[in-house]
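Shared chain: chain A. Partners: chain B in the first complex, chain C in the second.
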Partner chain A sequence: MVVNGAAIEFKKVRKTYGNFVALESFSMNVAAGEFMTLLGPSGSGKTTALNSLAGFTDITSGDILIDGVSIARVPTEKRNIGMVFQNYSLFPHRNVLGNVAFPLEMRGVGRAEIRKRSLKALEIVRLGGLAERMPHELSGGQKQRVAFARAIVFEPRVLLMDEPLGALDLKLREAMQLEIKQYQQQIGCTVIYVTHDQGEALTLSDRLAVMDKGLIRQLGTPQDLYDRPNSRFVAEFIGLNNIIKISGSKHDGAIVDGLGVIRFPSEIQPSQGYLSVRPEHIRRTPTGGHPAIVRQAVFLGDAVRYVVETRNGAELTLAEPRSGENSSLDPGSEIAISFEENRLIHLPE
Partner chain B sequence: MKNRPTTLLLLLPAALLVGLLFVLPILGVLSLSVYGDSGFTLGPIRELVGSRVSLVVLERTFWQALTVSVICVVLGYPAAFFMSGLSTKLRAYLVYLILLPFWISILVRTYTWIIILGREGIINRTLAAFGFSPVQILYTDLAVRIAMVQILLPIVVLTCLASMLDIDKGLVKTARSLGATPTQAFVKVFLPLSLSGAATGGIICFILCLGFYVTPALLGGRRSILISNLIDIQVHQSLNWGFAAALATALLIITLACLALFRLLTRGRTEFSSLGVGR
Partner chain C sequence: MRAVLAVYFTVLVLFLILPLIFLVPISLTESQFLEFPPQTLSLRWYSAFFDDPTWINAALLSFRVGIGATFISLTVGTLAAIALVRAEFFGKTALTAIFIAPLILPTVILALALYIVFLRFRLVDNVLALTAAHSVVAIPYVVMLVSGSLRRFDITLERAARVLGASPIKAFMLVTLPYLVPSMFAASILAFFASFDELIITLFVSGGAQTLPVRIWNDLGLKIDPTVPAVAVMLTLLSVSGMGIGELIRRRNERRYNTITSAEV
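Up next, the complex of A and B:
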């Protein structure tokens, strides 16, 4: 089962419900075969974007194109888009095979062919032996696999997934993430994936769009967004981050609250906005640096995370990889810290 | 917790009531049909089998019950479907309206039909105004059927509605995303999932029909009486209690047989999924 993914283009899509703007000037190009994730808190418009592509929501203005053809006026059932829902949405009156066969029945495929292709789809999700089970006899992970098989059995070129792993426990979720990625690479369809879990987004996506209040705040590869967030919102949403306000500048650096003058790796030193630095880019130094006191030490197995407070009252989190069997510092210890200068990010807002 | 003696005690008052006021009398009636003054006898049953009148009335009772139930489901299902799509608030008002007739006694509602259907009633006067000759509706099977549908329809609507509200609306959406037209989504997903509610409504309606007494007595003619009326005649006029008991027993057995048949037909309904492809 291999398909050519379709290219998707959102063109200035706007969707309002009364006075509430769910989606504002939403433009995005998704390449054929790409795994694109919409990441954001609830109410950020990510599900609205997905629903407008699926045809569940009429857009107020703008246009959506699949392979250059507008689908804004095409009814849901003619869009030929596979969709996986968070609550699985399996038909309770049909067994596993009956669920997977449904899209093929709707397309008037012959009975023998339906059986063959449905069983094939179940093989892909490794549920070949459960074809006769009823949905209520399945575990959460199995239900999710059936929903996935049902969404790909008619070989759609676009697959939409709305928080598909949201109802599963952490361990199963991580295992399913890898499976989903593997299936997608195997089948080749374009995927648009909606989640509020940033870890999931980083693991799965070729690119991701961080959304807030109906707007795309930043769109890029997981690495782009992790290394170069463009705003405080993105920096806080993805990964653990230290964000400190900048209150002015001098010729040799910016004045950062609680830290004093910090030199950014740029030509012009910022005078307002925020400093952003990841915990792994702060180090303990034997000499020099900023004096600080350890407030909290969290043992993470492969690393120790310290919450420290500088002499002027800035609170920072730093992560230190563990080597050997040295024990972590006790709260109250006095240390000095320094930053990896070229990893300091200036956030204008 | 479930089967502790103390919790079982909670069941006692209701069980006693049912036992004393329902099971014992029923057994009494059942025994009346095979025990006469001179001990065990098959007389009443022989009388029943040999009585053309009772067989005709039994058949009519079934025919009425069946047609009324089918009409109620056919009228009630779409109404319930319409209501299931409304906002909770609007639906609550409609449920209230549907329950309104229950505040009025069946007797009064039945008499109302005489005003509507009678020879000088609203229908015939309207017909006369347009120059048509009057039609005989009152004191026919049709009049009984109309009134029974009116009385039983709310029950069917509410049973259907309850099962429809249990259906996850997302399933219809899912069906659409998988390629089903709105009609296909209804026929393949919504209808099968709401069928059990419709069937339950129909069967409740059917069983209630079998026991109707006031409506056929008031709106039906001599030839529209149902089994309850016949039993009443045996008890009050003919004073043939044995025969009345035999009729009651026959009614009970046939009702139970219908329930059993219904169970048999619906058992394993979910296994008959996906046009047999899934099997």
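Up next, the complex of A and C:
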């Protein structure tokens, strides 16, 4: 079961409910076979974007194209899109096989063929033995797999998933993430995946779009977004981050609250906005650096996370791998810290 | 406090079912008259019912009208419920009220209104018209049960069907309708009995045709023999088993649909 994914293009899509803007100039190109994630807090418009592609929501303006063809006038059932919903949405009165067979039945596939292909799809999700079960007799993870099998059985070139793992517990969620990624690579379809879980987004995606209030704040690969967030919103949403206000600049650096003059790796030193630095890019240093007091130490297994306060009142979080030569610190210890200079990010807003 | 509650409920329950309980021994008497407690037990009055063609005809008429009224009210009521829940149109609230009204309106008034209409259009003593009149009383049950069920229905199921390739009508027939069937079944049981034990409207518009309740009513005026309690006991058994089956089906459905959202959340 290998298909060629379809390319998807959102062109300045806008959706309003009365005065409320749910989606604003939403533009995005998803390449064929790409795994694209929409990441954002609840209410940011992720589902609206997905639903307008699926055809559940009529967009106010803009256009959506699949392989260069506008789907504005194509009814939902003709769009040939596979979809997995957060609450599985299995048909309760049909057994597992009946659920998976549904899309094929709707497409007028022959009886024997339906059975063969449905069982094949169930095998892909390793549920071959449960074909006769009713949905209410399945565990959450199994339901999720059936929903996935049902969404791919007709070999759609586009697969949409709206928080498909939201209802599962953490451990199962992590296991399922790997499986989803594996299936997608195996099948080759284009995926648009919705989640509010940044860890999930980083794990799964080829690229991801961070959304807020109906807008795409930043779109890029997981590395792009982790290493070079373009705004405070993205920097805070993805991973742990230290974000400190910049209150001015001198000829050799920016003036950062509680830290003094900091030199950014760029040509021109910023005079406003924020400094952003990841906890793993702050080090303890034996000489020089910024004097600070340890306020809190959190043991994380492979690392220790310290919350420290500089002499001038900046609070920073730093993470230190336990494999290093440093001994662990107790709250109250006085240390000095320095930054990996080329990892300092300037956030304009 | 608990003791007070216990006493309260015992009294209440007895008050509700005691008359019914009395009917059972009375119907089983050997005597000509209503007596309690009966001297000797027999099924004499039960067989009297089956031997008397006027009783049998009354029962058959009641079944015919009841089944007809169930069919009409189920069709009309379900379609109305779909429109009331799914469509957006002007006067929706008013229309909802109108569909429920026969349940609240005093039956005598409804009966009088229907009688006037029936007179005008020469429909008195017409079984089909009687069936239609009974549907009016039965429709509110269907509208209430089916629209309640439709409101609880998770619309994403229908969306799932759509995106997986079903046209709007197919999605409704294949996904939404199976969900509604149990409530439609429960509604049809209520509708059937709303018609089956309807007396007042029937007295007004039937023009002398005897349904079972009318037959019982007429009997009371003349003589009272224990056939009436025997009929009453049979009717009670019939209603109780009908309601029981409806409830079983409803529960089975509940189990299926509840587990979708609540199992592992």
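The rule is simple: the second predicted complex is superposed on the first by the 345 of 349 C-alpha atoms of A that agree within 3 Å, B and C clash if a C-alpha of one lies under 4 Å from a C-alpha of the other, contacts with A are read in each partner's own complex, and residues count from 1 in each chain.
To be clear about the criterion, contacts are C-beta pairs under 8 Å (C-beta built on N, C-alpha and C of every residue); 3 or more make two chains touch, one makes a residue touch a chain.
Since the structure is predicted, the reported quantities are computational estimates derived from the model, not experimental observations.
In the model built by aligning both structures on chain A, chain B clashes with chain C.
Within the superposed three-chain model, A:Y226 lies out of touch with both chain B and chain C [touch as defined at top].
In the superposition on chain A, contact of A:F154 is made with both chain B and chain C. Looking at the shared chain after the overlay, A:F91 reaches both chain B and chain C. In the superposed pair of complexes, A:G140 makes contact with chain C only, with no contact to chain B.
By the document's definition of touching, of the two partners only chain B reaches A:E132; chain C does not.
Of the two partner chains placed by superposition, chain B and chain C are both touched by A:M106.
Of the two partner chains placed by superposition, only chain B is touched by A:R115; chain C is not. With the contact threshold set out at the top, residues 54-56, 75-77, 80-83, 85, 87, 89, 91-93, 102-103, 106-107, 134, 150-151, 154 of chain A are in contact with chain B in one structure and with chain C in the other. Of all the residues in chain A, the ones that touch chain C in their complex are 54-56, 75-77, 79-83, 85, 87-93, 102-103, 106-107, 134-136, 139-140, 143, 150-151, 154, 160, 167-169.
Of all residues in chain A, those touching chain B in their complex are 54-56, 75-77, 80-83, 85, 87, 89, 91-99, 101-103, 105-107, 111, 114-115, 118, 131-132, 134, 150-151, 154. Against chain A, in their complex, chain C makes its touches with residues 154, 156-157, 159-167, 170-171, 174-175, 178-179, 255-257, 259-261, 263-265.
By the touch criterion given at the top, residues 168, 170-171, 173-181, 184, 188-189, 192-193, 269-271, 273-275, 277-279 of chain B touch chain A in their complex.
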